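Dropping the structures in below, format is structure tokens.
Below, chain A partners chain B and then partners chain C, in two separate complexes.
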Partner chain A sequence: MNPKQEQLGPNHRFLAAVGASTMAPFWVAGAIVLLLPRALVGLKERGWPAREVLRQAYSAGNRSVLLVAVTLASVGMILVYHGGLQAQRVLGDMSPVGPAFIQILLREFGPTIVGLMVAARVGGGIAAEIGSMVVTEQIDALRMNAADPIRFLVTPRLIAVFLTTMALTVFGCAVAVASGAVTANVLFGVPHQSFLNLSMTEPGDLITGLIKAAAYGVYVPLAASWAGLSAGIGSEGVGRATTSGVVVGSLGIIVLSSVIGAVTFAFGL
Partner chain B sequence: MTCPPDDAGTKGGLGDALGQDLDASRRGAASYQGSSSYEDGVGASDNLFRRTGRVCIEVLSELGAMAYLAGRSIAALFPPRVEWQGLIISMHRFGVQSMPLVIATAFLTGVVVLLLAAVYVRAYGATQLVGWAAGYATFRELGPVLIALMFSGRVGSKNTAELAAMKLTEQIDALRALAIDPYAYLVIPRLVAMALVLFALTLMGNLFAIVGAATTGELLLDVSYHTFWNSFAENVRLADLLHGLFKAVVFGIAIGIVSCRCGLSARGGATGVGRAVNRSVVSSALAIFVLDYLITYLLP
Partner chain C sequence: MSIEFKSLCKSFDGSRVLEDVSLAVEPGEVLFVIGTSGTGKSVLMRHVIGLHRPDSGEVWVHGQRVDLLSERELFEIRKRCGFVFQHPALLDFLSLEENVAMPLRRRFGLGRKDATERAVSWLSQVGITKDARSLPSEVGPGIRKRASIARVVALGPEYIVYDEPTTGLDLVNARRIDNLIRRLATETKVTTVVVSHDLRSIFGIADRVAFLYLGRLHALGSPEELRESNDPILSQFLRGRAEGPMVL
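And then the complex of A and B:
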């Protein structure tokens, strides 16, 4: 990373490596955050790229519906299965399973699992697409035609993925609740009326969940675009860009989830 | 768990007899489909039934291809001659290099679990249950699943990218021309390494998750380390830990099979590598959640 590193002694080289790997996450986070104003400025200059946003929303949203449905259905079944077993063993009373499941799903698991799936499916797709554009010099071609690649590529993806992540989160939570209700009914004989009960859910849970979904919706396309735009050379470069798009996206989601969770908890939500 | 083909009609897979059969069936399945590139919308002749049927056939043919890959790999294990060098290099690259990522993920998982329990602690004052809840949830479910998701994002996709690049530059064909079985030489070390490494990483990640949970309890909830530890040590059983570790091994094998298959069936230049990596991550995630449900349900 540092050209001076060659001249350093072994001890210094070790320290330089430690420093570089400590700084790396912050460099990446900074680069991703800096993409946000650059993408939004394009919106102000040239208006709403409606066609491109719709196209991206189709490929990000409609094509992830099946994945989100299958994943969130399994999550709902798993959570209710565990909750039901514990309630049977500890409480002997199955009535809190549904309300507690819905509260935890809306607050944490719905947004976060949908976010992880969006990071894998959509974020990986964006990183691969932009990465292969970088490798085949299409970004340079855009720049040569005086088209800002960030406004041209990142802005529509940012808007589209933000909107579809919110929609997919709502859809995913609905699927998980439905699969959880069926699981509770079939395995533990809990009637749907007592399962679908919002007595434990407070407005704060819903607000926390929505803040998380919104944050993931902004973060994932930016991280994926950053990974794609910093792709290296050749087909290996595209592979590496896709990998780092997925990794940076999912790790960022887990970081955001705990930070937002801690902050909303501290504010008493 | 599926890797839908990108360009129908071109030859994919490893080019074995069965691989070609699969491609032929896929050609049949795709012959009435216009084009299936990422951006294209729904064609006029593309009704719901045709699409459903096509998706089903694609899913089944991919599952078959993965079963075939697993079978060939197991067959290559007899007589047992492991590529020790390849295995050790793979374990180093897969395991040691993803340790920081796994530690960060696990620690934050612990934080998140405790924040979820915090709502109940605040409402009912149930501090005696915090350690048990954190241990049970992370050991059985969250630890293995989240670590496996990060592992598939980093290691599985790296593996796919590598194999796809080898496939596209015809290095796999070169291996076969030298009478080296690509399954024994490339796939087996990776499968074994992923299973072993994910086991070890999950074991280590569990530790960091508990540390994260205990720290959050101390700092945010006023649950002292002592209370946390008592509740943890009294209520969490060895079976919970072993349940999660068994899951980790299964996930490791699944990620290995999916990522090798997606890498070896890549085609179409640099774009193809990106698409293969993306498919690999998505299919691994699906496989993880479906297998997680099956193991949770079937195993005590």
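And then the complex of A and C:
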């Protein structure tokens, strides 16, 4: 409680607390957005840590590739199974199952589910890593040498996670399509040629999906870095930073997904 | 010109850590700051280089009020004032050698080869030779701590704050660090503040000792004066007795 709040009566104090927690998401969002220009400035400077970007991209990809494969394979299976049942019952025609599935996968589920996996696995890892650097005074040591912690730590992670998220989205969609095709073939006897059909997919779907993947690829590392940089003291501080990295990362993806969905819809994509 | 705290107060989330601390470090002396865990020694020291700002009071370093400086302006102070953190605070993706060399390159614009040469020589002064190429995670905490000392002293600062430099070191290496601290202070007139729990260091190399208790400066004097003082709290602390008037 700050001194100003102490002067308020109990009712006002309650309101102030509610007000503060209502505003909190906006402060957090603002802080995360403000990291972006500071991380991008890091790109211009000399002695750019290419080795660190590669290391980060490798570890981010390595950490999530299995998770993405398993999740997207089961998403493909489940969606096609339920879609197939509906088509069988309502339409009696199985030919739209593949095209409809592919359309919604590329536009919505593929990027968003991959984004959520990256937020949990990679975002959590980044928040923990940077959080423990805060707690063990490594960030302070950087500041002592006038080395900007954002440029040193956030910039390489931003680039690495951006590239990894794009690649994982492509990979995840491929896995989901493959598992969907197999499911449709085994359960409903749909031939692969009729399943793998892009007739319902328009360029707008692909563009929307790509915009989402790109937005998550930028957002997740920034949110996780913010969480890590705001770590408190002690190992408890690292734990809290990790949790908040995952929570803020995943929530942000859900919000971004709706916002981008609405905006692309408004633009007729 | 030196380091001075004037009536410094600092709280975190409403709980008071430092209360009205006034303390001046004499140029060229080795001042030890002692006190139980959690009395705010590290917090006090971090004010010197602007990593914390006081709630009230002033912090002066090299004739400047550092609590008013911006992050950019602080860099001039941070160039003059080295800080050995309580955690070794080495960057874990660089080897010990690179950890020492990196600030040298940034600060003096040295080439990779020159910086590495100097880094190797400073590492050997803190007793690290065969591990210089290892990553921090591959060596023990004592070696990490000594490497972090090398990283700071290599830059040749005019002021150095050491936060528990010998904690966790074996006796031989602890004395080696003491000698280094004393030598830098005597030969190159480095103004030195050492936070320590190590009684051998205190009575070995301190010019003066400040005793912090419950966030306040409780006693200040030469090691002999403190040893002979009959303040009950101070003598309980220095003798390390479990029974006594101290509130923990």
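As a working rule, the second predicted complex is superposed on the first by the 264 of 269 C-alpha atoms of A that agree within 3 Å, B and C clash if a C-alpha of one lies under 4 Å from a C-alpha of the other, contacts with A are read in each partner's own complex, and residues count from 1 in each chain.
One rule holds in what follows: a residue touches a chain if its C-beta (ideal position, glycine included) is under 8 Å from a C-beta of that chain, and two chains touch if they have at least 3 such contacts.
Small disclaimer: the values here were computed from a predicted structure and weren't measured.
With the two structures aligned on chain A, chain B fits next to chain C without clashing.
The superposition of the two structures on chain A yields an angle of 90 degrees at the Cα centre of chain A, opening toward chain B and chain C, reported in steps of 10.
Touched residues of chain A were counted for both chain B and chain C, and B has more of them. In the superposition on chain A, A:Val118 contacts neither chain B nor chain C. By the touch criterion defined above, A:Glu52 lies against chain C but remains apart from chain B after alignment on the C-alpha atoms of chain A.
Residue contacts after overlaying the shared chain place A:His82 against chain B, while chain C stays out of touching range. Using the contact criterion defined above for the overlaid structures, shared-chain residue A:Ile150 touches neither chain B nor chain C, since it reaches no partner.
Once the two complexes are overlaid on the shared chain, A:Ala141 sits against chain C while remaining clear of chain B.
In the superposed model, A:Ala60 lies in contact with neither chain B nor chain C. Of the two partner chains placed by the overlay, neither chain B nor chain C lies in contact with A:Leu168.
After superposing the two complexes on chain A, the closest approach between C-alpha atoms of chain B and chain C comes to 9 Å. Contacts of chain A with chain B, set against its contacts with chain C after fitting on chain A, overlap at residues 55, 135-136. On the chain A side of its complex with chain C, the touching residues are 1, 52, 55, 133, 135-138, 140-147. Residues 21, 55, 58-59, 67, 70-71, 74-75, 77-78, 81-82, 86, 103-104, 107-108, 112, 116-117, 119-121, 124-125, 127-129, 131-132, 135-136, 205, 234-243, 246-247, 249-251, 254-255, 257-258, 261-262, 265-266 of chain A touch chain B in their complex. Those residues of chain C that touch chain A in the shared complex are 14, 46, 49, 51, 71, 75, 78, 82-83, 85-93, 102-103, 106-107, 148, 151.
Within the complex, the chain B residues that touch chain A are 38-39, 41, 100-101, 104-105, 108-109, 111-112, 115-116, 118-119, 136-137, 140-141, 146, 149-150, 152-154, 157-158, 160-162, 164-165, 168-169, 216, 220, 269-278, 281-282, 285-286, 289-290, 292-293, 296-297.
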